[in-house]
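Two complexes follow with chain A in common, the first pairing it with chain B and the second with chain C.
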Partner chain A sequence: MKSKKAVLFNVLLVLVLMVAFTASVQAGGKVYKLGMSLAITGPTSDAGNPMSKGVEDWFKFVNDTKLLGDDTIECVIRDDQYENDATKRNFEEYLDEGIVFYLNYSTGSTLALKKDFEDAKVPVVPASYHEGNLIDSTQIFLPVATYSENIVGLAEYIVANHKEGGVPKVAFFIHPSAFGRGPLEDTQKAVAAGLKIEIVETVEHGKDLDSTAMLTRLQSKGVQYVLCHSVQSPVATLLKDSQRLGMTAKSFGEKGKLTFVGAHYTGGNDLIALAGDAAEGFLWACSYNMTSENNEGAKKQLDLAKKYGRDDKAANSHNYATGILMAQIPTEAIKRVKEAKMEVNPANLYKILNEMNGAKEYKSFVAAGPLSYSPKDHIGVDVQNIYQAQGGQFKAIKSVSSEYMKTIRAGK
Partner chain B sequence: MSANSWLATGNFHTTYKHEQNTFYTSLDRSVFTFFLILLFAWPIFYPLSNKYMLVTDNILIAIVAVMGLNLVTGFAGLISIGHAAFVGIGAYTVASFCRTLGADHVMVTHFWPVLIIFSGLFGAFFGALVGLPALRLKHLYLAIATLSFQMIFQWVINFMSFFNQGQTISVGRAFWLTGEIGRNQHYVFWYYIILTIVVLLGFGVRNLMKTRYGRCLIAVRDNDRAADAMGMNPGLTKVYAFALAGFFAGVAGALHAYLYRGVGFDSFTLKISVSYLAMAIVGGLGTLNGSFWGPVAIKLLDLQVEHLSEVAKQYLPSAMNVATALKPFTFGLVIVLFLMFEPRGIANWWRITKSYTKLWPFRY
Partner chain C sequence: MTYFFQIIISGVVVGSIYALAALGLVLIYKSSRVANFAHGQIIASGAFIAFFLTVDKGVPIFFSFIISMIVTFFLAMSVERIFLRRLIGEPIISVIMVTIGLASIIDGLIYFTKFGTENYSFPAFLPQEPVSLWGVSISWTQLVGLIITSLLIGGFSWFFKKSTVGISMRAVSDDQFGSMSVGISVPRVFGLAWATAGLSAAAAGCIIGNITGLNFETLHAFGIVVFPVVILGGLDSILGAVIGGIIMGLIQQFAAGYLDGNFGLSGTGDVMPYLVLLIILLFKPHGLFGIHEIERV
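Our next item is the complex of A and B:
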């Protein structure tokens, strides 16, 4: 009887050990938790929605193709409907869950949570490229060139390509918020530092459905270039009205007409969809590679979208590319931390990100140039392409990086 | 007075002094004390995550703001649709100190109770100022006047560089007897502070309504000419109703600034003003406990709708953007349903429940 019990005990012991061993093999891969909060619905969701798809698809790809070996990334993406209170709540929830990296969205929430990011000591990649994000901040890493770099770079392009004599007269058409005003201040600093443009007027747009009065006024003041820093829909209204009134320049800087140029969130396929042929000739600064370029990077982006069943609109959106890059940055950091045989935690990810420069810079297929960070430089891709709307597509015409912004930043 | 102070089935006042009591029966006092102990003790025994502690703190701040709104709109009958601007005045008072002295100045970090009271007083000053049109205006016209104040506030904050053009102005971490309140204790610490303020202000309102000043508010609401004929001063009453509401809102704003460690324009828009009004309506206008029920109901509803939206968008095509519509839709629906079927708000359910339990096991 006793021996029977002993046999039963041993069998049970073996079973328990087998289950434990199997479980430990299955749980061999580590799970790295990340969090993202953005506007998938509500205001600006036309940008946030494809962005969330880009982030989601890239992490799926990482896990499916075992880019991190047996380890996987679990990124919770929550919709904050562009409300800072909801973003803060989401961020606190992610911290409670033990995230190692955080992805944020709007300028407002990034500025509002800046102190929290510092306290929590978690590296953050936002979708906002506002210069102010980097002031008094160590944890924020911008993926690409800032809005100010976009606008000042475009102003430099205007100066370099202005064919008539005299100083080019420009007007600003901006979003009535911190997001809109930031680049204006930096352009004013650039003018003070010697940039040869004259800022004739600044228009903070409302929700106007007609821009006739404003366009007529700008033209009467001799404005030739309109620098736009907003989102696509108000710019589309402006472009359509300008076309209707016959004010749009047929070629860059045409005398007596208006040439429109804009920063990151003004352009892309969404602008063409909204403005139609009124967008023709619009110049747009962006640090992402467009799928209309039909290059290797574009092919990879489209393949990824196809693999996860995305429609053409999302696949070709530069906001989808933005999402991919936002996801690629922590993925690459985790990969490098693992290669360095360090523990994957916020402190080590922060350290490795700051070392991502020189020979260690990262090349992403969605970006216009290499991505690099250092303790003194938290702007990833410095290169920006100037695209022009031609035949319903944005075509790259030049790669630029703003010289004046270096001077302005050095003076800060 | 009832013979049994524990089991009174009605309010039998035999002296005016007894009518002034905060609690009429021992049972009332005991239940309240137990509930208060519970409110102070639960974070020790059942600690919430930071996310839910933030939600709780937010509800308590909304209670402070809605108590103020209920004074002016519920008790005094003066419609105010610029209440978020008054809350903003309080928050931007703290922000102004941060801009002038620095976010980590000792005045901001150590003397925060003084700053909170000062913000309340500043709110009261602006409340009285905005209340001046109430001397001449009534009903819809007064509502438009308060709306104008909301618009002026938004414009000033959004365009003045002193207020960082609406961008977030950082507020330093508060200090307590034990030193700086770190990130881990932040939400619990502010829970206790805000809860204490809610209790003090709650008692303040309850006692106010037992004084001639409180009765004046109700008299002016019911008929200001009759109140005038009875020797009250309707003009002064209206102005101090606005001043009181401004004080409560100012305190709420200062608490918001410290809780979020920053002040940004987004938290004090017209949309927030409307939501304060909705909280007052859903809770029950003209009741003290309605100021508690309303914020709890609306804030928790918001949170649940957010969770529902998360689920809904997984099954519905993104182009339909149903999740976007869900929040304003439920918000509007709840207000309409309350106005139609329970205009006295949740406070009325509470009243019915209380009277039922008071009579139990008898039916009447």
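Our next item is the complex of A and C:
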């Protein structure tokens, strides 16, 4: 009898505690679940690791400063080691957990999971800016200008600033993957549409220890500009070899020399860390604000990193800025859905993102320009800065957006 | 003609670095018949230890390289002692699986440090201006790499031919039971093989790290990149690693120099070495200098 009473008491106690806990959670506001899968370790983790820190810090900031009132964001970040099957598994588990928004990483996994995103009807922001992500897709929202916009924009910059006579001769130095090849196809379309450059050769690089043969060949063919679309490590080896061989232009378009330019993932502080002074003069297209600009946005980025105890390397990384912007997009969408007195769910977040334009565009302190989406335009920040490596830092020299890419897209 | 000689020099330089990176694989295979899939991780570890000592601890770079080789010498010896010694006599596939697991463990440990996901470069310690002779240019980093590679390979060749320990290692490679019967400690030889492989891997890591910069993914990939070199030269031949490395380097540079960009070809520098490897293996299945063992059944 005594033990029956004890059991009853325990059951009641558990029930009371459960009710009390549920009540306290409800009183503390709603929790919005998000998921992210990226390479925190493994290939390309030099980009993915600081990116995950940016995402983590921004959501901590949102919750700590009560940016969404009593509501909070719970974003689970998982390492997929750059493997598509792990990304798919992570995404499916997130769906089971009831996420309202998903953050993805690589070009390969974004292209591979495109149909899954469509079926799940969950808005997705990837860290891949591949133009092909948007084909046959409604749920993917790119945070910034695509790789094709980077490369075609740089080609337009070359045409506008080419001092020698004749058509500028360019070579492509690209990653041997869909990620690397995408911008080449769009540049070829831009050339067909009237962009006055001559594409002399395309080099798909391997793990080269010496690029002498390739560089000498390019120079013998009269190449003046090398458009790079890869990651920093192979570009660094290329720049070091070019410097050793005395082939690097000391000023933009110097006669008989090679001027190197590159898209988003070729540049930044990591390139300088790997190539040292061989990176000097490298031109880089990027839609993020670099901390070396010492402006208000840079100060906010550094403050956020300091608040959450990040080291200088992460704090000054444009990949950390990328993470912040990727987290800011769903945060802003949730905020606006709440303000519109709607339920925070994938469908409403999708709707509000498509209305994020005109007077409703979003200004982020980490981006080079405003972020806007519409049902026909899922590219957030259209503006990109052209940065040049000067004295061990990337300094903005011009703000551009690609005119030819608008023509190419209109024709698609 | 200058272009032709430039390509030869580049090919020899690249090839000799491949040879040094491949040397560790050969040393382990030669004594224990094990293909070490964690070799790339040891190459990367050597480079990071040298960088840590130079930049974080202020040790002069030359001493950092030496210390890193000593550290990886003992590190690799410990790996053999802890993980592999108990597998002596077990099926070879078990040992190979352990080296694959070892690669994952070292990966995980490096990801715990800043070197797993961040990029660095060694401070410049050699003249930046290249050495040029009749229009053919070679950087000081490459030249020093070439000299160190030659010294190490020469040293190892002497060690295996003339020293008692080296001869013991060759004996173990030939016949483990026969070696034991004449008093050679097989476990000790295995430990030494791993240790010397660790030492050569650190040297390779320091040289590659100076050329490419310090990126973990790039560095540890060289453990796999050099597999064709040892297969071409013969898994158990130091001379084979040298010749195989130089052949690979030359093919890569000549393909990149004369085929790429012509006839609509691209990326042949990466494909041609494998193509040549396949052709050579058709005629010499044990590689150019590998021992063809005949077993009586």
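The working rule: the second predicted complex is superposed on the first by the 385 of 412 C-alpha atoms of A that agree within 3 Å, B and C clash if a C-alpha of one lies under 4 Å from a C-alpha of the other, contacts with A are read in each partner's own complex, and residues count from 1 in each chain.
By our rule, a residue touches a chain if its C-beta (ideal position, glycine included) is under 8 Å from a C-beta of that chain, and two chains touch if they have at least 3 such contacts.
A quick note: this is a predicted structure, and the numbers were derived from the prediction, not measured.
Taken together in the superposed arrangement on chain A, chain B and chain C clash. Looking at the shared chain after the overlay, A:120 reaches chain B, while chain C stays out of its contact range. Contacts of A:237 after superposition on the shared chain: chain C is touched, whereas chain B is not. Touch criterion met: A:78 reaches chain B, while chain C stays clear of it. Once chain A of one complex is fitted onto chain A of the other, the partner contacts of A:176 extend to both chain B and chain C. Contact with chain C, but none with chain B, is seen for A:203 once the two complexes are overlaid on the shared chain.
When the two structures are aligned on the shared chain, A:397 is found in touch with neither chain B nor chain C. With both complexes superposed, C is the one of chain B and chain C in contact with more chain A residues. By the touch criterion defined above, A:275 lies against chain C but remains apart from chain B after alignment on the C-alpha atoms of chain A. Looking at the shared chain after the overlay, A:45 reaches both chain B and chain C. The clash between chain C and chain B in the superposition falls on 97-105, which is one of the stretches 25-33, 97-105 or 151-159.
Annotation: chain A residues 40-42, 45, 49, 176 touch chain B in one complex and chain C in the other.
Contact residues of chain B toward chain A in the complex are 49-51, 54-55, 58, 158, 164-168, 170, 183, 260-262, 264, 266-267, 306, 309-310, 313, 318, 321, 323-324, 327.
Listed in rising order, the residues of chain A touching chain B in the complex are 40-42, 45, 49, 78-79, 81, 83-86, 88-90, 92-93, 95-96, 108, 111-112, 114-116, 119-120, 132, 176-178, 181. Residues 3, 6-7, 10, 13-14, 17-18, 107-108, 111, 114, 116-121, 124, 128, 130, 137, 139, 142, 208, 211-215, 217-218, 221-222, 225, 253-254, 256-257, 260-261, 266-267, 269-270 of chain C are the ones that touch chain A when the two sit in their complex. For chain A in complex with chain C, the touching residues are 40-46, 48-50, 176, 201-204, 206-210, 212-214, 216-218, 220-221, 232-233, 236-237, 240, 243-246, 270, 273-277, 313.
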